[in-house]
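Chain naming follows the written order as A, B and C, and within any one chain the residues start at number 1.
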Amino acid sequence: MKILIKGGRVVDPASGFDQVCDVAVAAGRIVSIGDAGSDFQPNKTINATNCVVAPGLVDLCVRLREPGHEHARMLQTEMAATVAGGITSLVCPPDTDPVLDEPGLVEMLRYRSEKLHQCRVFPLGALTRGLRGEVLTEMVTLTQAGCVGFSQADVPLPNLQILLRSLQYASTFGYTVWLRPQDRDLGTGVVASGPLATRMGLTGIPVVAETIAIFTIVELMRSTGARVHLCRLSSAAGLDLVRKAKAEGLPLSCDVSIHSLHLVDSDIGYFDSRSHLQPPLRQQRDRDAIRLALADGTIDALVSDHSPVDEDQKTLPFAESEPGATGVELLLGMSLKWAGECGVELHRALAVLTSEPARIMAGNDSTVRSGGGRLVAGGVADLCVYDPHPEWMINAANLRSQAKHTPFSGYAMRSRVCCTIVGGYLAFEA
Amino acid sequence: MLYRRNPQLNKHGELVHLLSIEGLPASILRQVLDTAESFVSVNDREVKKVPLLRGRSVFNLFFENSTRTRTTFEIAAKRLSADVINLDIARSSASKGESLLDTIANLSAMAADIFVVRHSESGAPYLIAKHVAPHVHVINAGDGRHSHPTQGLLDMFTIRHYKKDFSNLTVAIVGDVMHSRVARSDIHALTTLGCAEVRVVGPKTLVPADMAQMGVRVCHTLAEGIRDCDVVIMLRLQNERMSGALLPSAQEFFMSYGLTAETLQLAKPDAIVMHPGPINRGVEIASEVVDGTQSVILPQVTFGIAVRMAVMSLVAGNESN
Amino acid sequence: MSPSAPIDDEAAQAGKAAEAVRDMPALMRALVQGVRAMCQSDTHLVGIATGGAWLAELLQAELKLPGAHGVLSSAMHRDDFAQRGLSAREPTRLGFDVNGAHIIVVDDVLYTGRTIRAVVNELYDYGRPASVKLAVLVDRNGRELPIQADFAAVRVDLPSSRSVDLRRDATGNLSVLVEDKS
């Protein structure tokens, strides 16, 4: 299908391109950016006046709950929600049921998702079998099956001996290990430690659970040469350690969730389980540090941390409820909201959703089909066209995802995705 | 952050649920204490009953066992002529979520007017209050470590009875403050009612520094904590604390923080000694003090019935939204 | 009859009532005389909070009765708890054994009779009295229960749109006011 996107503000954060012009798409590629010429006869024209034409978003953390929730048609609904959010590539953690530790499971997931013709799915393989922290997985075979990295998801880091060995093995082949920095013993808790946790009588996770984990990981990186991506930073102190490690030139990257970017611990309100998240929402100081770090590059990418949770699992007392929130449809808007509130340029607001996460996914291996993150003539046609003006309320009725729980319920969101193109195919149109 | 109205108050600012002392204005706390005054005298009548809640049902939903507290709520409800149903729901890990909301749904069909809820998880009564029918009132009889508002209120009633004016009082709360819902409720009530100084006393493992943000002075020695104070509230020390590496032994705790006739002398000579119960004699408090002249532990129990009568009759008389 | 006539009638009625209660000293003299006539050597005076209690205090002094007057609260036995909630007035304080006692209950205004029903129930929580009589300052029409005063200092007719209340000013002076409820 030949598509012509007319008159939008075309923004490519990777190159700095920023002009109002046309984009022509054919045979899965971007044919031209700028005047398409009279020879180009489009099958479909999209009027992008007053809209922004950006690379398709790359979300480094989306839980599809597949395998595991097949009966609920979760894969279909969540992938539809993902493209509705302007996302063309997603990375999913391996904490599915069963865990993604076998090539067969990874192939099945990719096969089923590709059949749906929505966004591209890039799974992370489990670092250890069953995520149990004992035996390594077949990382080479899993990479051949399509994994872009290896992870322990939210399962606490295994004992240090195992962690060291798994980093050594991964670094043999240049694989990136994606780790959530939370110490196993200090990390039992449901909210951030501090005056609020003390007042509410909830078990807190102290900042040292994150800093000690980061410190440990960085030490192990030095001795193994492994490439590590830290998932979901939550504290100012943790960011300081990341800054130092990056300054040293270590191959370390990190991301932050839309929740930690905007919310603080007091947003728990009256024990609202929609704010039960991992990592927990921390204090004002931490949020401020996260906002600065995302702007200055200490944090590389912004993720939705999309984690669907059943209604039943949320209507429980706070500590018993399952942590997680819906996020794919909020990713773009939350980045733009941050940019607007903190005076950040549009290019950076989009870079952390496109070129930066694409870079992280590619890791060492430039041959990994990273699904874009860039708008370049001749390149893959993964695009997102959005209108930055309309306002809508975040509530259950306005969300396509099966997961309706979000701490942002009731917030007003600006910007609406008009259409999402994946490999030249119009996967979503508003 | 979005503004959320305090779920305990209706749109006229009247009390419809009692979930926590936090967020309640001093006027409401005083209203409860003043109403409780009238109910103290009900004890002295020939007919120890008033018909205020006649025809209403009070359901005691205790997800965490406690015969003592449940009994005082039962007595209070019966003195108001209410019908009382006791539900002891054993908390097995298999029936965690089921028990709570399924139970509420079933009970709503049985026309309950008031739920008195005790649960081991902080915040559980808020969840229940969100899911009951509009005319139903929820009273928190203790949730996890968070709140025990009727205990806080009866402690205030006791202090007001013996000391009259909060504004020149120094109150010390001693023991496992970190895990104590009673301590939290007492702190909120004292600070709301304008108490001059509230101190929390205990080792660092049991008294975290960030408690200071609740408006208290954190003390790690008994000497500093109870010197010249007017009220000493002793908290119960639970055995689990030893297994969590928070304390080495009950004996060492008693040595450093136990209230004995000798250590009590650090306080003012007319200081009163309180304890929410049940008391661990020789662990946090010596028998000689429990049975001594400065102890008001038994009056606390009597006042507890009047305060609970006051809370029930106040919420039952206010319309929810 | 023209539409404005009923309102005029009401105003006229209210005017007449206001005139009847204007002379407070006269009302008090009448009340003292009426209660003295009902008193025996062992009668206990009990005033209903708040207005009745003020009157009972004055009567106790005027009649030189031993001890102190009692106070009765209707709060515990009111029949409108579900609509109006718990009222926060002075609690009941008697100071004598109700069993076998001769009691005169004093109130400022007798209207529907519901308050009297409630305070009699309250008295019964304390024991079984030998006799209970009722003395009021103002008896207004509008009874909703079969209850009457044994003595009233003055009787008035008032439309339901008007209220009549006993007020006490800062210096302790009592007066009776007729007011438009709207």
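Methods note: a residue touches a chain if its C-beta (ideal position, glycine included) is under 8 Å from a C-beta of that chain, and two chains touch if they have at least 3 such contacts.
Treat the numbers as computed from the prediction; the structure is a model and nothing was measured.
K.L.:
More C-beta contacts across A-B or across B-C?
P.N.:
Ranking A-B and B-C by C-beta contacts puts A-B first.
K.L.:
Just by CA atoms, which chain is the most central one?
P.N.:
B
K.L.:
Nearest whole angstrom, what separates the Cα centre of chain A from the Cα centre of chain C?
P.N.:
75
K.L.:
How far is the middle of chain A from the middle of chain B, if each middle is the mean of its Cα atoms, in Å?
P.N.:
45
K.L.:
Indicate the whole-number Å distance between the mean C-alpha point of chain B and the mean C-alpha point of chain C.
P.N.:
That gives a centre separation of 41 Å.
K.L.:
In their shared complex, at which residues does chain C touch chain B?
P.N.:
Touch residues, chain C against chain B: 73, 75-77, 81-82, 84-86, 88, 91-93, 121, 124-127.
K.L.:
Please give the residue numbers of chain A that touch chain B in the complex, ascending.
P.N.:
So the residues of chain A in touch with chain B come to 194-195, 198-202, 263-264, 266-267, 269-271, 273, 312-313, 315-320, 410-411.
K.L.:
What does chain B use to touch chain C in their complex?
P.N.:
Those in contact with chain C are residues 14, 31, 34-35, 37-38, 41-42, 45-47, 49-52, 313-314, 316-318.
K.L.:
Flag every residue of chain B that touches chain A in the complex, lowest number first.
P.N.:
So the residues of chain B touching chain A come out as 1-2, 4, 7, 22, 96-97, 100-101, 119, 121-124, 126-127, 131, 143-147, 178, 181, 184, 208, 210-211, 213-214.
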